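Going in written order, the chains are labelled A, B, C, D and E, and every chain counts its residues from 1.
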Amino acid sequence: MIIAAIDSYLEVAPLAWRDAVVQWCPEPTQWLVHHLITIVAILAVFGTLFAFTPLAERKLLGRLQNRLGPNRSGLPWWQNGPKLWGLTQPFADAVKALTKEDIVPAAADKLLHFLAPVLIVAFSLLTFAVLPFGRHLVPVGLDAALLYFFAAGSATELAIFMAGWASRNKYSLLAAMRALAQVISYELPLILSVVPIVLIAGTLSLQDIVLAQGFWTFGFLPHWFVFTPWGFAGFLLFLVSALAESNRSPFDLPEAESELIAGHLTEYSGFKYALFFMAEYFGLTALSGLGVTLFLGGWQAPCAFLQFIPSWLWFMGKVIGMLLLFIWIRGTLLRLRIDQLTRLAWQFMVPLTLINLGNAAFWSLTAGWTGPLQLVRWGVSLAIIVIPFVLLGRRLSAGRHPRTYRYAAS
Amino acid sequence: MTFALIIISALILGCAAVAMALRNLIHSALLLIGSWAGVAAFYLWAGAEFVAFAQILIYIGAISMVVLFAVLLTRQGDAPEPVEFPSLSRFVTGLIAGGGVAGVLIGAILGMPFDVRTAQSAPALSVKELGAQLMGPHAVSLLVIGLLLTVALLGAVLLASDRRPDQPEDTP
Amino acid sequence: MSVSDLSSFTPSSGPTVRAVKDPFHGDLLEVSMGPQHPSTHGVFRMVVTLDGEVVVKLKPVFGYLHRNHEKIAENTTYLGSMPYTDRLDYLCSMTTNWAYALAVEKLAGQAVPDRAQYLRVILAEMTRLVNHSCLVGFLFNDLGTSFTPLLYAFREREKILDLFEALSGSRMMCNFQRFGGCRVDPTPEWLAAASRLVDNYPRFLDEYETMLTANEIMLARTQGIGILDAKLAVNAGITGPCLRASGYNYDLRKVDGYGFYPRFDFKVPLGAHGDTYDRYMMRILEMRESVKILQQAFRDLPGGPVMDPKAKIRGFRPKAGEAYGRIESPKGELGFYLISDGTPNPYRYRVRPPSLINLTLLEEMCLGHTIADSVVILGSVDIVLGEVDR
Amino acid sequence: MSPLQICLLLSSLLFCIGLVGVLSRGSAILVLLGVELMLNAANINFIAFWRYGPNPDAGTGIVFVLFSIAAAAAEAAVGFALVIAVYRHQRNIRLQEANRLKG
Amino acid sequence: MLGSGIINGLIVTAKNFVGSYHDPKRMVTVQYPEERAKLPENYRNFPFLITENATDPMGTLRCVACQICEKECPPQCIYIEKSKDKKPDATGKPQLYPAVFAIDTSVCMSCQICVEVCPFDAIKMDQVFEVAATDRFTGLLLDREQLAKPNSYFHEIHPTDAAEVDTRLATERQAAEEKAKAAAAAKAAAAAKAAAPKAAVKPAAEGGPTA
């Protein structure tokens, strides 16, 4: 019972703290303080997460590549002090970014060159407003939250375009073109891949979508959408589209360093560069949060008996898990070419998302099937998505396969 | 409330007017995107959340991309050429026509006593109700719009495709 | 910006770029990639003319690393040029050394003891492992991986370089071969360590191939890209794995049978398409063959001296004459042409660098592919700027 | 002045800005952008009348704006495709030169 | 099926991730300033000059300023000036010595050719690689005093080589000694001033030039 009490306290603790502070304020400013605290809390939590994500990325990539990763930075003014496993690296990086010279090319469009990093951070932060972080932690409980998320997220590519164009550098311009082509191609599959969720859950509100996943069979099999055939397919499609939307490897074409130096970031340095970097990780975190919310049960615990852990911890844990998955993918895969990227979107992702939509419709129509029919339902649903996947995949990779080689007769 | 509306209006009109007067196409396009964002803010102000998000998603997410793509694809060299006004007389004609229409409209609006609903709170219309409306009384229009979009997509692809009959299809 | 605007073009606006107006084919974009560019493998420059993202013209520009190697060698003693040959192809100093030593030995009629011959084969094949694993690593980097395959390759390369260091004293600038043998006799411990490493190498290759050879993105990015026609390649003098990837059977280890290569049993893999994927696979298969050669060499390595006792270190003056010594370096046919006039310095000294000659068909391979592909094609040709520019 | 009147003023001014742009600019892209502005002005009117009109719960204004936005998207797609086609043909996008109606 | 290659790749990187924690074959990193990889005996960096006596480095340089290395050095980074006078070397025989011996290590390419051509085993390769200097002109131009290091140091870094060199030198000296003895016996009367052969083991002493 004590555990339950502590748990229920922890569950609402952030809200309770906020209310305590708000009550202490004079009446007319209360609403302002109320929202400010929410904003500051989101900034603080995700700012910290942002600070340590690149460190985790570098450490994890290092380990994937059989290196150690950064492990040197210790405490300031204490040269031979403890190394702290390099955990102070983000602060060292921040100091470095802030003290670096900010170079603006003479031919650049100065205003846009300045606006682009500001805009991209602003837009990528906007998306956090509607994510349900916990059972009681929803910053803005919008009715059309999902739509809002995509609306706010769609503007980041605009900022990338501005950066690429304003730099007046050929590589940046090519990167801007690529960014546009990429967003035009992948906005569609990204949105289409989550439409089945809306269809099944019957709502655009993210909190309601999470609540719709809050059941367990036998107390340990969660009813997350990812554990259905259409949900799993949708999750994979979402994952690929999210990688493309957030310009992550293998879709990091706008900043393809092997041909375009750093793409739209070529002419950025110092703090402006850090802002782009920040926005990239904010965007990634927000998309991970959306993926977790839509497919992985949001803040729901995986097993019924694990519910004593506060819901916001589950959410953060899942988001971090998604981020690690993204890093792992980045550490392994190579980059697509721009025409292959758009081909993948239009010839593979879009048809599959549409088929998956039909699949979800089938799933919704057969909700009443029970007993052995349940097996039939699973089988049909699997077939609906796997067969087109195989066929389309075969078409996509037609003529490309590992080869066998002959040897010279000597 | 009215104060917010005036700020939003100033944003919309300012962006649009400057955009139409600039010679740099990219700046025009970006300012117009700002103007569209202002319109979305107006929808939010008016309480039409769903429309506001749709406006952002479609105008800022999609149409702006198409516009910028068009600007970039039709550029000469690495920067778009400054777009001059065709001629002074045409500009003056445009101004006179626009000013005339504006005068008529403003006069009509200010002169007309509108029967204004007194309720200050925005009417609540949930997404569910909106969906019911769309699929119920407006189902036919929805189908027509879907058809229109499909046809537009196909038409755009055909129009913009570079492929002449004598060119073999390039396989990337 | 048009051509007429060039005067107003400020250098701070990035790479030297201007738009080329072509009345028939839209706006072309001229991008000067390099000499400072992440994936030109050194100070190499490609002037690429782009139609959108597609390369319509490509001009390789090199010479940024020119350091007068041949003229310096003509003013240095025969022995004094040996450390300079390390700097030609700085990834494979052992084979460059050997090619030069071979040419001088031909010139002077110098015999080489059996143990040294075996040792040379061992070191050359280990160099092939080093070079090819480096190459595939860099190729994947050009293809856009975040250094993972490159670092796996470097991990294995480090182990071989450690052996080189233990034997010759330096990891990359080995300066190991001498006219008439090798400088140092390896200890039994060294041979045992090398043999162990070679036995473990196929495991690394298997892991590497599992990781990326069948990767769908890899196949899409490399198959059918940068096709090099065998006939064209032969006419242009392309050698090495690039030529064999086009299906033409020409391996100096078989053709010339220099050194003790005829004593070894190995096969020469041949490609069929001549595209980037074939060039990549040639390297992988050659590494497997190299492992076979190395295992035979460690098995059969005879005793005896590694240096001909009659060989002269000081006062080496070959009689007047000329000689051309060539070997199958990991990059292709590496040859040294020497004319002696009886003095301690060569009268004429000329290198036939495989990197430079393999680079000559870069434009033919890149035309019609995108800018991203041109980088990959350059990576698959395998150049080292030290050798290209000399 | 009531809020409705401000909204209507906003929309009419926006419409006129679009009109001036369409009439006085020669660039096809700017003309299309002017048309988009005029569409937006119309949408503002719909929302304003829905908000202050007699029957706000019907939601017809909102539905109409949604359709209008979709139509605008279609218009933009076709319009800019036309611009690109014109550019391919005559190497610029000045409208007064695009009068030959022949390839 | 599409995707199998990608999944295989992911598995390989995951294996490497796990392996980096327990498999020293995968994890080859050395934490440099704290840990140091053991240098192989053959490792070479820049040349140094061998002196016979640790206590008096300048007095007993093996180098006799024959200038062969200066001539053979490919990048010509060695500069030698012969001394005007002669002083007794380790065997007591009067020899020339380098009045100036300088190596520009910013030019030196560590090729070891000077070592190979030296007939006196006087110049050998060092293993010190932390040679960064703040002044690239004087800081990297090493003079005779900086280059001279005792034979015991050579024994430390190249034990096998040093032992071989010492044996060879000892036999040479013995041969020279016997030859001198024979010569002395033959011309005992005439050549009263033959070189004192005892010097082979006795380090030459105080007479050397001071730095």
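Throughout what follows, a residue touches a chain if its C-beta (ideal position, glycine included) is under 8 Å from a C-beta of that chain, and two chains touch if they have at least 3 such contacts.
What you see is a predicted model; the values in this text were computed from it and never measured.
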Most central chain, judged by mean C-alpha position against the global CA mean: A
Farthest-lying chain, centroid of Cα atoms versus that of subunit B: E
Maximum centroid distance from subunit C, chain identifier (CA atoms): D
Dominant chain pairing [most C-beta pairs in contact]: B-D
Centre-of-Cα separation between subunit C and subunit A, whole angstrom: 42
Rounded Å distance between subunit A and subunit B, as computed from the means of their C-alpha atoms: 29
Distance between the centres, which are taken as Cα means, of subunit E and subunit B, whole angstrom: 80
Between subunit E and subunit C, distance of the C-alpha-averaged centres to the nearest whole Å: 33
Sequence positions of subunit B contacting 2 or more other chains: 50, 54, 62, 66, 69, 76, 78-79
Subunit A, residues touching no fewer than two other chains: 64-67, 168, 170, 331-333, 337, 339-340, 397
In subunit C, residues with contacts to at least two other chains: 17, 29, 148, 152, 155, 211-212, 214-219
Parts of subunit A lying in touch with subunit E, wherever the complex brings them together: 60, 63-68, 328-329, 331-333, 389-390, 393-394, 396-397
Sites on subunit C touched by subunit E in the complex: 76-77, 79-84, 86-87, 148, 152, 155, 158-159, 162, 165-170, 173, 175, 183-184, 207, 210-212, 214-219, 313-314
In the complex with subunit B, residue positions of subunit D that touch it: 2-10, 12-27, 29-30, 32-34, 36-37, 40, 43-44, 47-48, 50-54, 56-57, 59-60, 62-63, 65-67, 69-78, 80-85, 87-88, 92-94, 96
Residues of subunit C defined as touching subunit A within the complex: 9-10, 12-15, 17, 29, 31, 33, 37-39, 53, 140-148, 151-152, 155, 211-221, 223-224, 249, 251, 254, 267-273, 277-278, 281, 285, 370-376
In the complex, subunit A residues that touch subunit C: 61, 64-67, 105-108, 167-172, 174, 249-250, 252, 256-259, 261, 266-267, 330-340, 397, 399-403, 405-408, 410
